[in-house]
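Before I ask anything, let me first share the structure, which is written out below as structure tokens.
Should a chain be cited, it is by its letter among A, B, C and D, assigned in written order, with residues numbered from 1 in that chain.
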Amino acid sequence: MPKIPVGVLGATGAVGQRFVELLVDHPWFELTALTASDASAGKRYGDACRWLLSADMPASVADMVVQETAPGVECAIVFSALPGDRAGEVEEAFAAAGYGVFSNASAHRQDVDVPLLIPEVNPDHLALLEVQRARRGWKRGFIVTNPNCTAVMLTMALAPLHAAFGLKAVLVTTMQGLSGAGYPGVPSLDALDNVIPYIGGEEDKVASEPRKMLGRLVDGAIQYADFVISPHCNRVSTREGHLETVSVSFRQKATLEEVVAAWRAWSPLPQQLNLPTAPHPPLIVRSEPDRPQTRLDRDAGKGMAVTIGRVRPCEVLDVKFVLLGHNTIRGAAGASILNAELMKAQGWFDR
Amino acid sequence: MPKIPVGVLGATGAVGQRFVELLVDHPWFELTALTASDASAGKRYGDACRWLLSADMPASVADMVVQETAPGVECAIVFSALPGDRAGEVEEAFAAAGYGVFSNASAHRQDVDVPLLIPEVNPDHLALLEVQRARRGWKRGFIVTNPNCTAVMLTMALAPLHAAFGLKAVLVTTMQGLSGAGYPGVPSLDALDNVIPYIGGEEDKVASEPRKMLGRLVDGAIQYADFVISPHCNRVSTREGHLETVSVSFRQKATLEEVVAAWRAWSPLPQQLNLPTAPHPPLIVRSEPDRPQTRLDRDAGKGMAVTIGRVRPCEVLDVKFVLLGHNTIRGAAGASILNAELMKAQGWFDR
Amino acid sequence: MPKIPVGVLGATGAVGQRFVELLVDHPWFELTALTASDASAGKRYGDACRWLLSADMPASVADMVVQETAPGVECAIVFSALPGDRAGEVEEAFAAAGYGVFSNASAHRQDVDVPLLIPEVNPDHLALLEVQRARRGWKRGFIVTNPNCTAVMLTMALAPLHAAFGLKAVLVTTMQGLSGAGYPGVPSLDALDNVIPYIGGEEDKVASEPRKMLGRLVDGAIQYADFVISPHCNRVSTREGHLETVSVSFRQKATLEEVVAAWRAWSPLPQQLNLPTAPHPPLIVRSEPDRPQTRLDRDAGKGMAVTIGRVRPCEVLDVKFVLLGHNTIRGAAGASILNAELMKAQGWFDR
Amino acid sequence: MPKIPVGVLGATGAVGQRFVELLVDHPWFELTALTASDASAGKRYGDACRWLLSADMPASVADMVVQETAPGVECAIVFSALPGDRAGEVEEAFAAAGYGVFSNASAHRQDVDVPLLIPEVNPDHLALLEVQRARRGWKRGFIVTNPNCTAVMLTMALAPLHAAFGLKAVLVTTMQGLSGAGYPGVPSLDALDNVIPYIGGEEDKVASEPRKMLGRLVDGAIQYADFVISPHCNRVSTREGHLETVSVSFRQKATLEEVVAAWRAWSPLPQQLNLPTAPHPPLIVRSEPDRPQTRLDRDAGKGMAVTIGRVRPCEVLDVKFVLLGHNTIRGAAGASILNAELMKAQGWFDR
């Protein structure tokens, strides 16, 4: 079976590099195009890019020539790591030109006709693409978004609980790694020996995106799930990994054992389909008193699993726990690639 | 007026050193005795102690000879920085021998006849000492404790709110500095690039101590305040400073403006008495979107003030905010010294 | 005696803030002008400046209005914290307009008619100002520079050794703090868990500046001192403080005791004149096996002293040791202010 | 071909864990025994060991039962990660009992009849084992040591230069990662925002070990190489990786090009034999101005390669450069395993 040619928009940034790393040996996709700002267009990727990841830049991409970020690049699918303020228009232009757009940007996440997708959570929301194409007059192209890095992990932990017990309220405090701010991102003088209890725009996304993803698709529109989320978002001095302390209340009573059982029993579609990037299991529930820890657990499931621990009763709501996920893999590039894998497995690209 | 001679029990540890630093030039107290484990007894303090603080060890204490930790040392008051498991018996022995004991240890905090004191919050709880002396048959000696480092800051922020609006529920997530674990404490391999979402015993203290301090003294006993606290305690890689994200609900509705006004109007006893270590104001409310930050705000009020910021509505409870305090000053040694200053100002040592 | 009115050029940057902090309560100087880039001109300093220092911004300066960086500001002396590429022309314009310019920038350090000054080391080089004024046609104005942050500490440690034994060769490896790169400076993703063995332009400065300062003024020109310096400059993840490992060889044999004695006996002019910012002693020689350490010793002498330790024979050259100094105080703003204090004490501003 | 059964002595410590990780899927060796202190003996390895590495503990070892550290364990070879003070006697007991002992401890490194081995550098020193067995009366057993973590990388970079140009003097300053001190090792309060310019015993090892390894075996004894090394050893706040700045002088003149060519041309025995753990190439010479960096280069060659950069003339000696290696892989467990691979390839275990 020939691989599907794919491109990365904004390939030189922190998330763009993760896309490149995860796509370079992908069994289904072949990386054929890299785009960046006009200043980088025309250069070798190896020259245009200040490589940030621990593993060396794959040799096969170093010699690829960076192109302008505009339709015309040779591929069928583009993964967008564009900055939020540029992504909106550019992604529409690509979709209009017939590309399948998998976007990590926030620009279109709240559009009523754009799926905000976690394959484990709401694969049925892909049906929105019919609405999208009809409304926007797109024949082949489309836009599918993945959620905010903090919202992904949270939503994955909440999904089986919402299904089993019905969520009423969620209170979450995050301790987010530095890579979430991109590069150069947080100055070291702000990061060292410090916690910054504020990340611009983050709390709005965390309060809203999980409710869209856990919502129901009714008559071509998403009905947001009926519960409230209160986030406190903080930047701490870790490289990668978002750790979250979570308290939840349910509509229906649930023991701690039932909560853990709901997580352990969760076997969603990507795992059933054995998608290449899907972690097994998607949720890891640990019983040690001091896990998950950022450094020890962020790479679980090659960065695609969410680790949960310290499940205990909450004095104010019903249950509390800690969760952790890798913000640039499950929280960004890996999420987007898994979205594309799901659509590929469902035959969207055969049509 | 002659100064009161004071000693520090456990003077070589991390908190013991803070006691020494804060007492060495104190206007009311004179540091006349330093004790440590038997292994250190007989040595110069300068030799027995691995000094951890940024400012050099005060020259005047370096030559003091460390004594065994047992009654008989020359002073009227002792400040106890003993480890939790040793503090219980030793502190009782000192009190029985007639010393005023100001303890930073947790051993006696929950004793029914021991005041758990923040001078700004519950100075009236000192009346418990009558009960204590009667029960234990102590003539002159007594034990007064200060709360857990995380509980102090939280209780100070809650006190004016509880007085004005009545607390119903408090949900708090902490990001606690490394010095809270003492020395050697947290191994650097666990601290670097990591968050540890667990601190042994901490959550129990934070769930309980504020309720004792905000309780009422009725007929010689403390009635714990009638609200619930749910803590999530985390260790992050900062040297000093505990940052806490807090959501609260009230019995009586309160606007954000009323909440801020309650904090700003708070003018408790230590500030009225102008105690040497009392910060002016005790609570600093900041309006920037990204404050308090650990590094920038922990030294406010010479480490004795609590800084509050990001006051906003909570989607789940009523109001949420961020607070920060210095864990080894306001959260430990400074707290204990302020306790002693209050009793001195109230004439307890004149009798 | 009325204070001399002074201004800070580039007052909103990392070094500019240190100037402000050190000048705000200065006994001889009164801070009357703050300048910054055109974008900040006209704003309150408190609004224009992202304050980086631990102590809060002094209230008295927060309301000062930032001015454009051009002659016309109301003061007699300006301290320049301008970036290297802007400093050259602007400082000349100020000097031509009659201001005394004390520059922390590198632009004029190697000019043949500009003193590169450490008051403890080469106060006689101020005589170059006669040459400078004659050559440039300046009546009252002048430019005096202070050295690169790494070169200051090194030169202070070398000065008594060069005087006593004659230097032949110096091999130095530096571990420099993050604040040396300014703000935003080093991205946290580059700093965390990393050492960067390169600082652009730094090694050239360290190889050359000490030789100018330890040179002799002969017939109106500096003859560079006749020894060689080989620097390896590294950026490590500390906030403030430059630590340097140094090996030296001498023209004349010297025992370790003689080396230490030379440092201990050093009593240069600023200490004799008791200049307000001069540390007593300027060099602190410690005998512990593991000192100086960055965090414990950088604030020695209020950040103006240099701490030396681990003095021992070098297997390759003659003697080796470790030194440490505070890069934004002794290495930048404090150095410049001490220069101005020396000239004030010598009556230069009375003329 | 059946695998050789091997054991790890001191398997629960930081280096012991690296041994386990590297041996668990080894093509030639089968991990059959794990030993630790008596307190751990009898427990499951998964329970006895606080696992420190990012990758999870291999499932196959978690259920192995930890044994006492004494001869009798079922294997032919033992890798020793014992602490220095225990290693001496225990390793001799194992060798006397017929085990091949590959030791990472310093106890026997300077014994005249014990090879201090880097397979790329001095494979011929294995001939010392004849002397060792004769002297000690051992039939089958033996002790082979690998060098100090800092000395390994340095010696690998020096070996081709010594062969080509003859070393005269080496001056090295190290910036060593925290894992080098084991676990719990360096307290976080000492590591954060600090450099410690002292590591007990380290400088003696670095000054001596490379000279043994680069020495010649003459008449059954090692003649140490005739050059001097002056080390300055520092602990910095990185997790893994030792970075070293090096200045060298040669007996014979060499251009920078010739130096680089000597490194690039180096093709030692382990690479020729294609030993499983041998990196290709063993030395990586980079041309970027700011490499190697600790975080970016420590994992090169799966942690077994040494990366060199910033090759330039030295103002004091002849040439200077920066090198970096992974201290717990190439500097400890990996080094020891490569030693065993060499002996296996040379047929030592067939006899």
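Annotations for the structure displayed:
The definition used in the following text is that a contact is a pair of C-beta atoms (placed from the backbone, for glycine too) under 8 Å apart; a residue touches a chain by one contact, two chains touch by 3 or more.
If you're wondering where the values come from, they're calculated on a predicted model, not measured in any experiment.
Looking across A-B, B-D or C-D, the pair that copies the A-C interface, with over half of its contact pairs the same by residue number, is B-D.
Here A-D and B-D are compared, and the pair linked by more C-beta contacts is B-D.
Most remote chain with respect to chain B, judged by CA-atom centres, is D.
If you average the Cα atoms of chain A and of chain B, the two centres end up 42 Å apart. With centres set at the average Cα position, the gap from chain A to chain D is 41 Å. The centroid of the Cα atoms in chain B and the matching centroid in chain D are 48 Å apart.
Looking at chain C, residues 190, 192-193, 237-239, 295-296 sit in touch with two or more other chains.
Per the touch definition, chain C reaches chain A in the complex via residues 14, 52, 178-179, 183-193, 237-239.
Contacts from chain C toward chain B in the complex involve residues 51, 54-56, 192-193, 295-296, 299-300. Across the complex, chain A is touched by residues 169-171, 173, 175, 190, 192-198, 200, 207, 228-230, 232, 234, 236-239, 241, 243, 245, 247, 289-296, 309-310, 314-317, 320, 322 of chain B.
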